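So, here come the structures, one by one.
Look for chain A in each of the two complexes below; its partner is chain B in the first and chain C in the second.
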Partner chain A sequence: MKTDVAIVGAGPAGLSAAVFLAQKGLGVTVLDEYFIPGGRLLGQLFENPQKPPGERLWIGRDIAGKLKEEACGSGVKILTGTSVWNIAPGRRLYLSGAVSGEMEAGALLLATGAAERAVPVPGWTLPGVMSVGAAQVFTNLHRVRPGKRVAVVGIDPLAISVAGELKKAGVEVVGIYLPPPGVLTGRLGMPPEVIGSLSRSADMSPGALLKAAAGIFGGRYRDLGARLCGLSTMKIWGIPLHLRRAVVRIEGEDSVERIVTAGVSHCGRQQEECSAIDVDAVCISGGLYPLAELASLAGCPLVDVPQLGGRVPLHGPAMETPRAGVFVAGNITGIEGAPVAMAQGTLAGAGIWSYLAKAGKAGEKELELAASRLERAREEAPIKFFQEAPEGRKKISLLWAGRKQNPEGGVPDGPQSYSVPL
Partner chain B sequence: MLRIEGECGQEDSRCREEVEFVFDGRKFKGLAGEPIAAALLANGVRTLRRHEKSGRSRGIYCGIGHCYECRVTVDGVPGVRACITPLRKDMVISSGWERVAGIHEN
Partner chain C sequence: MDHNLIVCRCEEVTLGEIIQAVEEGASTVSGVKKRTRACMGMCQGRVCQPLIKAVLAQKMESAGNENEIAPSTVRPPARSVLLGEIAGEN
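The block that comes next holds the complex of A and B.
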């Protein structure tokens, strides 16, 4: 199989790039493991109180559907149920699933998105325990509840949002808890850290209540906030949010039957256990990280940037990587919301068009326009996952510029990964 | 009942065809085109397979095909991820579990 452009990932970034490129007359093939195009958009269902009434509801499924229609109408070929399991030099893709075999592409866009960080909790392999992302997709997209009585483990904006969505869907959410303190969960389980990250990301919170709560705990007083026993529990949409209580064990014979919780001191130490709480499902949240394995296989260097959520492929202003004809867009370059991913996709589309069609001045113009739209999308983003993301992006662009000036030294072109002190 | 009634899922679930399928020898009903894992969850079935070594139950975890916890055997094909495989009429699905010989429990 041959294609002008192969795009891995039919999410907001991949589909936006596909639409741009197909409208420029290029042959575009989008590949996705899932059987419905849309990626993470599919499970999203929330309200943005900053928008005018009538535009507040964000129904990801419908936005994904429109993008898909636009792509198909422009002649994009979308291959769902198809996994890309290897990339060889010359942008040769190896496929399996609904379509299998090899595909050679003139240019390649990796828009693989993000995955959820696993947070091990004793008993987490029991059926009924799932990630909050899974709970979101099953509830909002497939309209099946994860359980009747559910506990949420992990206190972050996504977890709180999903807890609210579950409640709206008729699930009894018994509470939102910290993960068990320990080496594996690290700072996720530290009350001051949790409150600090909550207050930093309150811009994205789907409710004004959380914003107010972040105001109470936020800023310079975050450590003090966690010390105040009286404020160790609060309610969000009627759901108890336990800032000082962790789920330390999930128990059950063949599936989830109960959770055991314990108090957590302000410095993150486990205190006395409490009596068990009956639940039939547990949703765990550990945050998102960029899904960059394919970039690594394609020979792109990866850079560890904690401000962007993990290891991301080194890339330039047109979303190009040091590997000729290999581009990146969306959450593979750092954790951000869907509108930003869409703008990044269009920017990568402009980059690929310039590269393939040798579009010259016209290409530069498109790149400029797409870059300014991306900037605006970032400014308007209701969801800011990492407050220090601009710092992280600056680091990437400095590394990119340094590499261009000095191709011999500094950043290697190979698939090595390296850390950047930030 | 875990299925949310009266509201549509993707491509309007109310219009989607109800189909029969078999899981581990038992007959169930689900909606054509929903993930196998969703159809089973709606029927209250959470255990999708058993660990090859310990025999302990396993179910959905990540829901996006990444963790491979939900793999089942569909119409004789093993290792199919139930969370990203759409349900079709008369599918025969099994947890396909057998203890792997030569591996001993700790």
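The block that comes next holds the complex of A and C.
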């Protein structure tokens, strides 16, 4: 098989790039291992109170559907149920699943998104325990309740938003708890860290969570952190948010039957256990990290940027990597929301078009336009997953610039990974 | 934390086994992987690798931060694939 452009990942970034490139007349093939295109969009359903009335509801499934229609209408070929298991030099992709064999691409866009960070809780292998991402897909895509009585483990904006979505779907959410303190959970289990990061996202993003918090605190977010520190429990949409209580065990014979919780001290030490609470499902949240394994296989150098959620492929202003014809977009470059991923996809599309069609001045113009739209999408983002993300992106662009100026002593072009003292 | 807690779900490797591997000298994710089979199952470490890094960061004196621990080498196949597909029998 041959294609002008192969795009791995049919999420918001991949589909947006596909639409742009197909409208420029290029042959585009999008590959995705899920059976429906849309990626993380499929599970998203929330309200953005910053938008004018009538535009507040974000129904990811519908947005994914529209993007797919637009892509297919422009002649994009979408292969679902198909995984890429290797990438060899010359942008040769190896496929398995619904379509198998090899595919050679003139340019390659890696838009593989992110994976959920696991948070082990004793008993987490019982049927009925799932990640919040899985709970979202159950509830918002398939319209199936993950359980009748559910506990949420992990306190972050995504977990709180999913708890609200579950409640709206008619699930009884018994509470949102900390994960068990210990080596595997680290900062996620420390009350001051959790409260700190929650209140930082509150400052920047008065979303639904913060509206609820504002109701409690009289409309002021500024000292939310300080106020939360004095509290052990607050309620959001009637769901108890336990800032000082962790789920330390999940119990059941053949599936989830109950959780056991314990108090957590200010410094993250586990205190006395409390009586068990009956539940039939548990949803665990540990945040997201960029999924960059295919970039590694393609020979792209990866850079450690904790401010963006993990290791990301080094890339330039047109989303290009040091590997000729290999581009990246979306959460593989750092954890951000879907509107940002869409803008990044279009920018990568402009980059690929410039590269393949030698578009010259016209290409530069498209790149400029796409870059300014990306900037606007970032300014308007309702949820900022990592507050220090701008700093992280600055690191990447400095590294990229340094590499250009000093190809000898700068960043190696090979697949080796390295971390840079910045 | 309970040492019987399963960390690598694919290969059913416990926290205790990972800690033991580090105490026996494993200093990288690859070292833990070779001793315990963690990261070698269906998901290829997408679930447990960050957790193994967290254990290494805490147990190793030199490494203070889990981001500084080198990840295991990525090799094909990155996803599960049928032998027939590799052999080109479609």
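One rule holds in what follows: the second predicted complex is superposed on the first by the 393 of 422 C-alpha atoms of A that agree within 3 Å, B and C clash if a C-alpha of one lies under 4 Å from a C-alpha of the other, contacts with A are read in each partner's own complex, and residues count from 1 in each chain.
FYI, a residue touches a chain if its C-beta (ideal position, glycine included) is under 8 Å from a C-beta of that chain, and two chains touch if they have at least 3 such contacts.
None of these values were measured; they are calculated from a predicted model.
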First, second, both or neither for A:297, with chain B first and chain C second: second
Chain B versus chain C as contact partner of A:115, first or second or both or neither: both
Which of chain B and chain C A:146 touches, first, second, both or neither: first
Contacts of A:134 with chain B and chain C, given as first, second, both or neither: first
Contacts of A:35 with chain B and chain C, given as first, second, both or neither: first
First, second, both or neither for A:86, with chain B first and chain C second: second
Chain B versus chain C as contact partner of A:316, first or second or both or neither: neither
Partner chain(s) touched by A:27 [first = chain B, second = chain C, both, neither]: neither
Touching partner for A:240 - first (chain B), second (chain C), both, neither: neither
Intersection of chain A interface sets (partners chain B, chain C): 33, 83, 115, 118, 125
Contact footprint of chain A on chain B as seen in their complex: 2-4, 7-10, 13, 34-35, 37-38, 41-42, 46-48, 51, 56-67, 69, 83-86
Chain A residues touching chain B - in the complex, by the definition given at the top: 33-36, 42, 61, 81, 83, 115-116, 118, 125-131, 133-135, 137-139, 141-148, 169-170, 254-255
Residues on chain A engaged by chain C in the complex (per definition of touch): 33, 83-86, 94, 96, 100-101, 115, 117-118, 120, 122, 124-125, 180, 182-184, 186, 289, 291, 293-294, 296-297, 304, 306, 310-311, 417, 419
Residues of chain C defined as touching chain A within the complex: 1-2, 4-7, 9, 15, 44, 46-48, 50-51, 54-55, 58, 66-68, 70-71, 74-82, 85, 88, 90
